[in-house]
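Two complexes come next, and they have one chain in common, chain A, joined by chain B in the first and chain C in the second.
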Partner chain A sequence: MPLNLRAAVGRAYPRVIGALREPSWTFFDVLLPLLGIAAYIYYYRALGAASSFEGFVVLGGAMTAFWLNVLWGMASQFYWEKEIGNLQLFLVSPMSRMALLAGMALGGMFSAGVRALSTLFLGLIIFDVHMTVEEPLFLAAVFLVTLIAIYGMGMMFASLFMLYGRDAWNISNLLQEPIYLVSGFYFPVRALGPWVSAAASIIPITLGLDAMRQLLFGEQALGLLPVATELVILCVLAVAFLVLARYALRYMERLGRKEGRLTLRWQ
Partner chain B sequence: MAVSAHLRTFRHAAWLGWQMESNWTRPWLFMIYSIARPIAATLILVVMFLVVKQGVANDPAMFAFTYLGSVFFMFVAQVMMGATMVIMEDREHYQTLKQLYIAPISIRVYIIGRAMSKLLLTSVSVVISIAFGILVLGLPLDLGTVDWPLFAAAMALGISCILAIGIALAGITFLTAKHSSGINEGIGGAFYLLCGTLFPLTVLPSWAQAVGMAIPLTYWLELVRRSLYPGSAMEAISGLGALGSGTIMLYLVVSTLAFLAASTLIFRYADRRARRAGKVDMTTSY
Partner chain C sequence: MAYALEVSALSRAFTGKQTVVALENVDLKVKEGELFGLLGPNGAGKTTLIKILSTLLLPTSGTAKVLGYDVDGEASKIRPLINMVSGGETSGYGLLTVRENLWMFSQFYGVPGSVARERIDGLLKAFGLEDKANAKVRTISTGQRQRMNIIRGFVTDPKLIFLDEPTLGLDVTTSRTIREYIRDWVRARDDRTLLLTTHYMREAEELCDRVAIIDRGTILACGPPAELKRRMNHASTFVMDTTSFDPAPLSAVRGVKGVSADEIESGKRVRLVLEDESAISDVISAVVSRGGRIVSLNKVEATLEDAFIEMVGRGLG
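Entry: the complex of A and B
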């Protein structure tokens, strides 16, 4: 246990330090979502939408930091580690692979959290968006469970992508805008209809965003399900993805050893 | 260098770019990877429109304005980034840039050639998106009334301008390894916001409108929309209604030439600095 704890802290450390050591990256990480947020906010203004829609955009734009971190900092991570030769070192060491993934997730949550908070804060100030937090504890619970669920999903993808070559990069690319679309990052997900919304709910950020929108914007959020129900589903998803990640990791590592693909580069 | 040598470089670079993009997986999977992301980005805007307006029929001109802006902006996002990624890929990932420098070819022609695969794929995405818009979403576009000569001229100038910006950014990438993707995406994002891609320029604050009016892509998008919708519908929305198509074409030509000149200067400067500083074969793991 102390070894695994040290492994998790050790893997989280470079992500936390990296986020603080290169402040210029934080500038770009905050600026880039703000440009997209600004474009969508002016678009909503051109359409004559209610001001709450601008709040949806700021919230969704801030949450993209976590989703992008899940895709590029979790799901694709073992692919990058394989490309630069670190994966074999991780596998040789006696630590639990789950501890490694947990460290990646914790470090990623920190660095993405800094970006998301900065984006949210600047978005609220620049675009004069109003949100009302009436149930802060409920909001914090939804937010935390959403993070655990999406990072659990990222851990599962990391395991599955372990043996991939360029597919890993392309699948992560494929999971950006299409997920922003089906998960309703910039509009109430209910607008996609009941079947698409229900299918998209397998992606935890769909329900997480919907619940947060309801807690921040009330009736205007056009919620999909009651917040309490969404929180319960998110809890189930969080546990399910963590368990699946563990099994997927074990299976893919065994397969990789058998087929000799754990050190294969340039695929 | 002889024109035939440039053409040969261009042809081989385009072939290489296509092979690198496509030969590692099955064609259908490659197509999905290539077109799903830009099309989804456009559909986000469609849903945002439908949530507010409750139907295309309630404001067809605005829908067409946004849809076409978003669809044609794919060229900026894909082709410009494609040109800049050549330096990152060949220097850092494949580590072949030094061999290309030794070869008797023009690096700028090589970059343009490599960007052609992105241009081809983006063209496919644009055609699919427009077909989807017409057939499924009710995009009010009549191909029989399109001003094709104006469209062809606008596209030729617009793509030239995008490639010029891409080459300038490729040059900057030589010098800014750890910031290159931030700079490239930042410039792409600024164009998305300031060039009237999704909404009329008049929605922006006046200082942002002034910046937008200095970017040739603003005029390119305006001409593309006007050529696809001859009449006054697009002019009435865009905020550029006071300008005739001839005037806008003139602005586009002049600003594109200015960007081409600036691009040449930036690339030459960056190339010289990179050689002096030993950055042509640098690997940074970024």
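Entry: the complex of A and C
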């Protein structure tokens, strides 16, 4: 096995093991989104919204796991890796920096995937939501490309924020709530009007959710663009973020070596 | 290839609110196969030098070559060949076991699974950590953690390893285990090089083929411990016990021309390095004239510590 594949697997390992070894984490990580889902569902029911809205909420609630993971497990990850002294060990090693990021992303996808599936499953049962999968392959493709695109974005932020520990943390905090809103986790994003939804589409989770909604709920999903178009845009975003991540990391590593900011002073 | 490390006119400054010059015009050559020690007090620049050599930090000026490659332009050629461990490190993931952690770090160097397993087993045994192999990292003690970190450095079978204060704060037994392993590791093959930093004089003297004494970013002397001591031969070393008096004995004797001194026991016992033995009479009068009495005065054999005291003008504390 080549070095970089080993390295990515090695870095993914603690995340995979974490999800399996600490089921209590998963419990709370599933419980909280379910509470959020419940709140929205009762709200929609009180308003007498179409039942498909309950489906949007469960789908969005499940996808939250990935979004939170991108923010906290990717974008601001290097902040505490630096604090505990791991970052410098990653960087003195010969592995490619993309293997490191890929390992973080793959491990994160797994652990977030466990949470997302649990949320989806429980949400469908508890709230008695129905959805029909007519084009499973299409759906799988949209889901996968969405994951690659949002984790690509996480990789880019991880690189950009490598040297800006606390600020990265603050920005993640800042992004968390507004994105729930503008990306349409719980309702069709078209409701926000063409300009906001177009702007929100730079964040891949927006189009990903929109496309999945269309594939699961058809007409009622009030899609923004045709699904095929959305898939193409998502592919472009995925590639763009991955390429940006690579150059950002290379640039920041060089800058960090120059300014002495890859390690903390006392390390 | 003759040199594992070639450092020339190397300087590193940190700019911030005020500029700190951590290394200034350092020249250093370490031969392949050497066990080399950097000895210096806190803040001397030891860690900064290691960070530059391990490709984490760029020089402000000057050059450094590691195993023939330049740290600035050829870092990717250096990285597969080296590893680095620092004493107080808290790396790894607490929910992984000791074995898993070691395996993970070995994967960043592409070590095949079975080879990694074999090496980890051997090293755990050598460091007396077998019974903790399956313990989660967050549950082990500081000393165990430090042994795990050292193992992490050797598991990738580097040609050159940097150990930054490897025995910092460890108990005597653990320190000895580590020192013995270090020595055996370098001796086992002639293309292995090890650079360690320490502020323990004994460690440098007992372990290293050569030592560089570093203080305030500059290298004051470099050579085998025995040679550094021999440079002292023209000088004489005494240990003096006195009654306590004001000002403290140390400051009294430090005022005497041609005398460097360090305190061994506060207010009571000092170590004196005299450029010329005749200065001893001035030392005696310095004590007596301040109302002190000499309890004993013995001439002793010079140690590396004396060389250090003479060069730096103070002890390591």
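Assume the second predicted complex is superposed on the first by the 263 of 267 C-alpha atoms of A that agree within 3 Å, B and C clash if a C-alpha of one lies under 4 Å from a C-alpha of the other, contacts with A are read in each partner's own complex, and residues count from 1 in each chain.
By definition in this document, a contact is a pair of C-beta atoms (placed from the backbone, for glycine too) under 8 Å apart; a residue touches a chain by one contact, two chains touch by 3 or more.
Computed from a prediction, not measured in an experiment: that's the story for all the values here.
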Chain B and chain C placed together on chain A: clash or fit? fit
Next item on the list: Would you check which partner chain A:Gly36 touches, where first means chain B only, second means chain C only, and both and neither mean what they say?
Entry: first
For A:Thr229, is the partner it touches chain B (first), chain C (second), both, or none of the two (neither)? neither
*Partner chain(s) touched by A:Gly260 [first = chain B, second = chain C, both, neither]*: second
Practice item. With the two complexes superposed on chain A, say which partner A:Glu22 touches: chain B (first), chain C (second), both, or neither. Key: both
Between chain B and chain C, more residues of chain A are touched by B
Reported in degrees to the nearest 10, the CA-centre angle with chain A in the middle and chain B, chain C at the ends is 90
Task = Go through the superposed model and pick first if A:Ile84 touches only chain B, second if only chain C, both, or neither.
result = both
Inquiry  = Just checking: does A:Tyr13 make contact with chain B only, chain C only, both, or neither of them? Give me first, second, both or neither.
reply    = second
In whole Å, chain B and chain C in the superposition are separated at their closest C-alpha atoms by 7
Chain A residues where the chain B and chain C footprints coincide 22, 84, 267
Residue positions on chain A within touch of chain B in the complex are 22, 24-25, 27-29, 31-32, 35-36, 38-40, 42-49, 53, 84, 165-167, 170-171, 173-174, 176-178, 180-181, 185-188, 191-192, 267
Chain C contacts chain A in the complex at 12, 14, 47, 51, 54-58, 76, 79-80, 82-84, 86, 89-93, 95-96, 100, 103-112, 152
Touching chain C in the complex, chain A uses residues 1-4, 6-7, 9-11, 13-14, 17-18, 21-22, 84-86, 88-95, 100, 257-258, 260, 262-263, 267
Residue positions on chain B within touch of chain A in the complex are 24-25, 32-33, 36-38, 40-41, 43-45, 47-53, 59, 62, 66, 178-179, 182-183, 185-186, 189-190, 192-193, 197-200, 203-204, 285
